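Chain lettering (A, B, C and D) follows the sequence in which the chains are written, and residue indices restart at 1 in each chain.
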Amino acid sequence: MSFPVILFLIVAATTTFSALGVVLSRSVVRSAVWLLGALIGIAVCYFLLGAEFLGAAQLIVYVGGTLVLMVFGVMITNQGPFAGIHTKPVEWILGGSVASLLFAFLVTFSLRAAQPSPVSNVDTLPSAGPIGAAFLGVPDERGTAFLLPFEIVSIHLLVVLVAAAYLARAKRRPAAKVESHG
Amino acid sequence: MLAPFFPPAERELDMLQLTLLVFLPAIFALILLVWPSRFREGMRWLALFGAAGTLAVALCTLVDYHRLLDSQSDRDTRSLYHPDTRLDHRADEALERTATNRSFLSDDLIVRRPWVSKFDVDYALGVDGISLALVLLTALVTFFALIASWKIETNLRGYLILILILESGVLGAFLSLDLFLFYVFYEVMLMPMFFLIGLWGGQRRKYAAIKFVIYTLVGSVGLLAAIISLYTVDVRDFVPQETARAKVRQVQRAHQDWNTEQVNAQAEVHTFDAQTLSKVGQAVMLVLSGQEDRLTTRDSKANTPNSVPLFAPGVNREAAIAHLKSQSICTPTHQYILFALLILGFAVKVPIVPLHSWLPDAHVEAPTPISMILAGVLLKLGGYGLLRFAFPICPWAADQLSWYVGLIGVIGIVYGALVAMGQTDFKRLLAYSSVSHMGYVVLGLACWSSGTKSEYWQWGVNGALFQMLSHGITSAGLFFVVGVIYDRAHHRDLDRFGGLKEPMPVYSGLSAILFFASMGLPGLCGFVGEFQVMLAAWNYCWFLGTLSMLATILTAGYLLWAWQRVFLGVNPLTAKYPDVSAREATVLIPLAILTVILGVIPGLAVFQWTEPSVTGWIENLSKLKP
Amino acid sequence: MADVGLAPFQILAAFLFACGVACFITKRNAIGLLMGVELVLNAANLNLVAAARFVPGLRIEGQVFAIIVIVLAAAEAAVALAIFLNFYNNHATVDVDAANDLKG
Amino acid sequence: MFNPFDFAEHPGRAYLVATLLPLIPVLLLLFAATIRNMARSRSGTDSFASRIYWLFGGDQPLKTGGTLSILFLLGSFGLSVWGLLQFHEEAHTYHDFPQEFATRWSERGDWLRIGTSKTIRPATALEIGYHIDQLTALMFTMVTGIGSLIFIYSLGYMKRETEDTVDDHVAHTTRRGRFGRFYLYLSLFAFSMLNLLIADNLFQIFVGWELVGVCSFFLIGFYYERKSASSAANKAFLVNRVGDAGLLIAMAIAFASFGTLNIQELGGRIGGSQPVELSHGLWILMGLGLFLGCVGKSAQIPLQTWLPDAMEGPTPVSALIHAATMVAAGVYLAGRCYPLFAPEVFLTIAYCGLITMLVSASIALVMTDIKRVLAFSTCSQLGMMMLALGIGAWTAGLLHLLTHAFFKALLFLGAGSVIHGCHEEQDLRQMGGLRRKMPVTAYTMLIGVLAISGMPFFSGWYSKDQILSAAMGASLSNHLHALLFLGPLLTAGLTAFYMFRLWFLAFAGEPRNRTVYNHARESPWSMKWPLIILALGSIGVAWGWPLWDAEASYLGHHLHEAEPILNHPAFSHAHILAEEYHVVAGGLALLAGVLGAGYAWSRYGRHAPTAAQLQEPRGLLAKRWYFDDVYDFVFLRGTQKLAEQAASADRSSPERPRRFTLDGAMSGLASLVQRGGHALRRTQTGQVRQYVLVLVLTLIGLLGMLSVLAR
């Protein structure tokens, strides 16, 4: 057992444990913390795979951005009576069994698929430079470039952000106002 | 029509002609759309002009078709039965020319252009005696229906446009050779009818309109399923081999790494062409009835009168038979299902019991001109579909089930007559009489006799076709008769009429002709078709024949009873009704005259040019039986 | 990393995916649901990156798509949160079972 | 080109032209009526229209139509007489060239042909054609002759219809006169009847058959304001339709087995013995079908009920259609199709005729309506003809048909004259002593009565004598069928009785109703002349030399030439016996007739009838053996009930509520779909998590399928 394997096992165990934590914890806040662990674990996986740029992006965007957003969301909405929002045992059983079934299938298929061996022993993947070049339409040695997806994603982001801003602007319905004040 | 003015064989002039025939009403509908509302009276005249133009084009097509028949006729005998003039032969020729990129014929009255080439849908129109008879009927009835619509005031423009679009749809359906195109037209005419009943109808118009649409759609679903299932058939051995080779080349180009076997397996040719599919059906019948040794290619030197040349020239016969047998179309189950779907599709339109209940409602609620079109034209689509598509495409199943189909027809005849006798609403009575009369069409088609006695089947099919024509004329006339009296009395209750003969002598005289024509009196058109069908039915099965003959008593019963209740006796309420106006007479008199002409000289007036097509149809199918 | 191979990463991704799905099913809190979505997306991302590592033709594509997914996930989170806030404003709860306006 | 006037080559075409001639007034009258009526409805507002209206006679219908019709029918009559003479002449000159004779007197062509014309196959054509033989020629002349007389008679009888308003006392209403319409129908009838006579095939006969039926329908319902008239018309048409259905079946059998409907060809193929193409059952069925048609048209039991009701029509119509010609068409057809019948069918014909004869004669005994007596008498005489045909006495039967046409037309016209003279009084009990007021009518009618009673040297004697001797022969050859002789014998007595009863009640004695008597007057000459001519015909039409030999009738001889040859062993034996016992049979018949007449004289002629004799008849006979009531109940009501049931089973309506209907079943199917939709709607809970669950489960399912398939 080589060092990378041991390292991977540790990281995988952490990630798995965190993911289970996300699912099993009752409180949303705790879930968020567990999610933080899982995301970091995945980022480490990226590093292990040699995709340093992605790992960094994962850390920055997810851990720094998305998760914070979520915590904000939790804080804003976490003020009403919480007693009602409980998951029934049946749902636990159902969810658990469905998820494990799915897991079993996915694993089966993963293992059945042909397992390619890495081409080279170079442990790094193309880093920020080539990726950026690809995004900007500079073709690499095989002629692939991603200018169009990049543009699409950009526009998409713009639209989404506008939409988010529109949706999130304060607009209480009169009835809801009465309810919340009463 | 246009041929004398242009050099022949340069352009496909019949394309212009047939396209014009189909779309002329639609063009007039477009003009009506932009017609200024100030000239309200002008709208009526414009629509009428459009219908008249269509009728004129249809008549020209009749002349052309007759010339086509005549051009191939034997000068000595003046027999119009040359095989080259038959629709299937002309359609083959057109396919051949399309495949080899030769110039089109200008005078074969077949149009074939690719429309949606991705799915092998062609814009294919064609004329033969069978379709032409119904095209003429459509143009005629629509023309008279427009005259009958003169009193329509509410939303006139929409009404006229819808009628014209309806006419386009019906004409297109009658002329289509391509199943997909047929289906499109078949659906096109559904919507105008829906609105015409639903907007201009009587008290329960919405209910009737929706019922009509739902019933027709149920039928259409069957039709669509059948069409799609037919499209999956690989017809490569039945189309010109140039087409098949082109397909092979196409597959090769797409998969350059494949070997020949793979390419050949993949290079399936699919088609919506009814003529080709009917060849498949006939071949299937031969295979299923164990006569595959009779199957040959069309260019085979070894063809005897007993052989049935269905495969395209240049096809390897053994391989083709093996290929046919490997397809699912060549199984009894598939054939039964296909036939059942097609029957379902057309049965709703005919209509056959028990799928008829939309008809009385639609008739009762629809305004008079729409009833005329509905009874006069739309019902014929069912019969036409059976004749043109259901029987030739599934001959094996049709043969196996023909007794049951005939039984359905007879049930329709008897049941329709009985129920008609129990009605008090004039229009409803006529609606049920339509059910009864259209039963003869189904029965005539179903009299499938064996090869040696095929002439009896021929009587049946001829009778069925003629019955469609004559019922179109008489029922349109009778519905107009109801309309006339409804305009005066504002009700249709048979028990509250009476004594109309005295105040309205011309009206009653013309009605009498139509009544007795509907009853099947010799010398009027209703008799000819029914008589032929009865002769055929007896020869096919004495039981069906006897029932259809005894039903004439019932028919006479309900019609005479209605006649007595409406026209005879004394009724002070009706004594002051004015006789028919000039407009009403314009509708009734030509229809009555036509009734007499068709009854006295059916041979000269109709059979002369419809009969060669029917003969061809019969010869194709009847020889399939051992 | 060559001796670990592709399969362990796939199994890990599958596990994360299953956890995400379990989140969907069990969590009644809308934010919890959102976390499930994040888990699912990350599982997919992990697969993509692993494929970029182990399949020669995907060295750049895998990463590019992973980046696109990350970006879209961020955007999706923003929009989802906005929707939840709106929902919360209207219904004073984030219980997704209360969000049954689509009931037929 | 077909030249219908090529009489030199084809003298038979004279008959063709004669048949078509009455169509011309039909078309002219139709045209004129349309224009006149269209103009009438506009004459108030439109001066042009009103001028046209006055041109066509204004409110008073012109007599021109009637005159035209008469002229054209007289033309037909002339042509047919010429044709008859020509035929007789050529029958001798061409005696040795039957082929040529046939082409001169018969032609046929396609009316409708199917299939490629090059191949000769059976059953590919419906033909029309004419075939003239002795029977046709004589019948044709008889129909046009009597028809012309009745047309002329109608000029007087229907004079009322030329007035602008006519009072209908029965329906209590006034209406416009409809003189032209009457002649329109009559001319159309003449055409159809002649078409039926010259036809050489069953199809064409059927066409004429139906057309005479429809003319009869219109003429019975001529006074359509009266409910009784329109109902009688419907009844006549429907009952005839039943017979026509039989005819249709027979035609279908013939066409399916032989591929032709030509009577000569069929006769050649069958010729009295069972053909190879037909099973015995079908052969019988075919004969029965044909005979059913004849039963309907000739008002034989069981389809006899329409004829008495048909007397609702104007009396000339009764004389022409319901006595002389149309009802005789049934007998004519039976005679025409003689070679096609199986022995069992002959037996059926004979017994059917026998029953009709007796039943109708018995009813005629008690009828008090003058036209009804004659109607039942017609039924009875037609039954006698049928009986004659059924026992192989072809010539006798058809001879009786011809002579009967004369005296029955005479009797009806006489009755019409009485009714006309007495202002629509038809009840015999209100008459009496009319011979003083209308001598011509009375004595011509007496001739008719004598003729129908079979008194010697009157035409009826010759035919009746032959029938009775044939009947005697038949019953002697097979004693099982003794009734076949006793029946006609009894009928001969009954006939004489009720006919003399009619005459005595109407014309003899003292008037019983003074108002009727005082207003009675003799009819105009247009009505008297036809009576006189018909009376002469009733006396002498069957004469031959020697006059006292019933076998010597010229008419009979000519008819005999057309008799189809049947090698039916029973018939030939009966023929020999009939020859042998001729004198006995004739004597018995005469005795029966004289007895009947004498009894009538003793009851009604010797002294005025008592009140008891004149009261309303009751019982079985007056109820016409309950045929009408039973039919009404079983068929009419039955069909109506069935129709109502069918209508209510088809769909429910407020008047006919019903739980299960066909329409309801179809709607039920539709609502089933609707309910299914509602049920499915419940699965759309709006719960996001459930959706996800289903989504994932589907995913799992798909993956599972994939794993199975990818194995």
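Assorted remarks:
In this section, a residue touches a chain if its C-beta (ideal position, glycine included) is under 8 Å from a C-beta of that chain, and two chains touch if they have at least 3 such contacts.
Keep in mind the model is a prediction, meaning the values are calculated, not measured.
Within the contact network of the assembly, the step distance from chain A to chain B comes to 2. Relative to the centroid of all protein Cα atoms, the closest per-chain Cα centroid is that of B. Of the two chain pairs examined here, A-D and C-D, it is C-D that is joined by more C-beta pairs in contact. Chain B and chain C have CA centres that are 60 Å apart. Inter-chain centre distance (chain A to chain D, centres taken as mean C-alpha positions): 99 Å.
For the pair chain C and chain D, the distance between mean C-alpha positions equals 94 Å.
Mean C-alpha positions place chain A and chain C at a centre distance of 5 Å. Along chain A, residues 91, 94-95, 98, 102, 106 each make contact with two or more other chains.
The set of chain C residues that touch two or more partner chains comprises 21, 24-25, 28.
Across the assembly, chain B contributes no residue that touches 2 or more other chains. Of all possible chain pairs, those that touch are A-C, A-D, B-D, C-D. On the chain D side of its complex with chain A, the touching residues are 689, 693, 696-697, 699-700, 703-704, 706-707, 710.
Taken together, the chain D residues at the contact with chain C in this complex read 681-689, 692-693, 696. Touching chain D in their complex are the following residues of chain B: 77, 79, 81, 214, 353-355, 357, 360, 415, 418-424, 432, 453, 455-456, 458-459, 462, 499, 501-502, 505-506, 509, 516, 521-523, 527-528, 534-535, 537-539, 545-546, 549-550, 552-554, 556-558, 560-561, 564, 567-570, 578-580, 585, 589, 602-603, 607, 611, 614-615. Remark: chain A residues 91, 94-95, 98, 101-102, 105-106, 108-109, 112 touch chain D in the complex.
Chain A contributes residues 2, 4-5, 8, 12, 15-16, 19-20, 22-23, 28, 31-32, 35, 38-39, 42, 45-46, 48-51, 53-54, 57-58, 61-62, 65-66, 69-70, 72-74, 76-77, 80, 84-87, 91-92, 94-96, 98-100, 102-103, 106-107, 110-111, 115-119, 121, 123, 125-126, 130-131, 134-135, 140, 142, 144, 146, 149, 153, 156-157, 160-161, 163-168, 170-173, 176, 179-180 to its touches with chain C in the complex.
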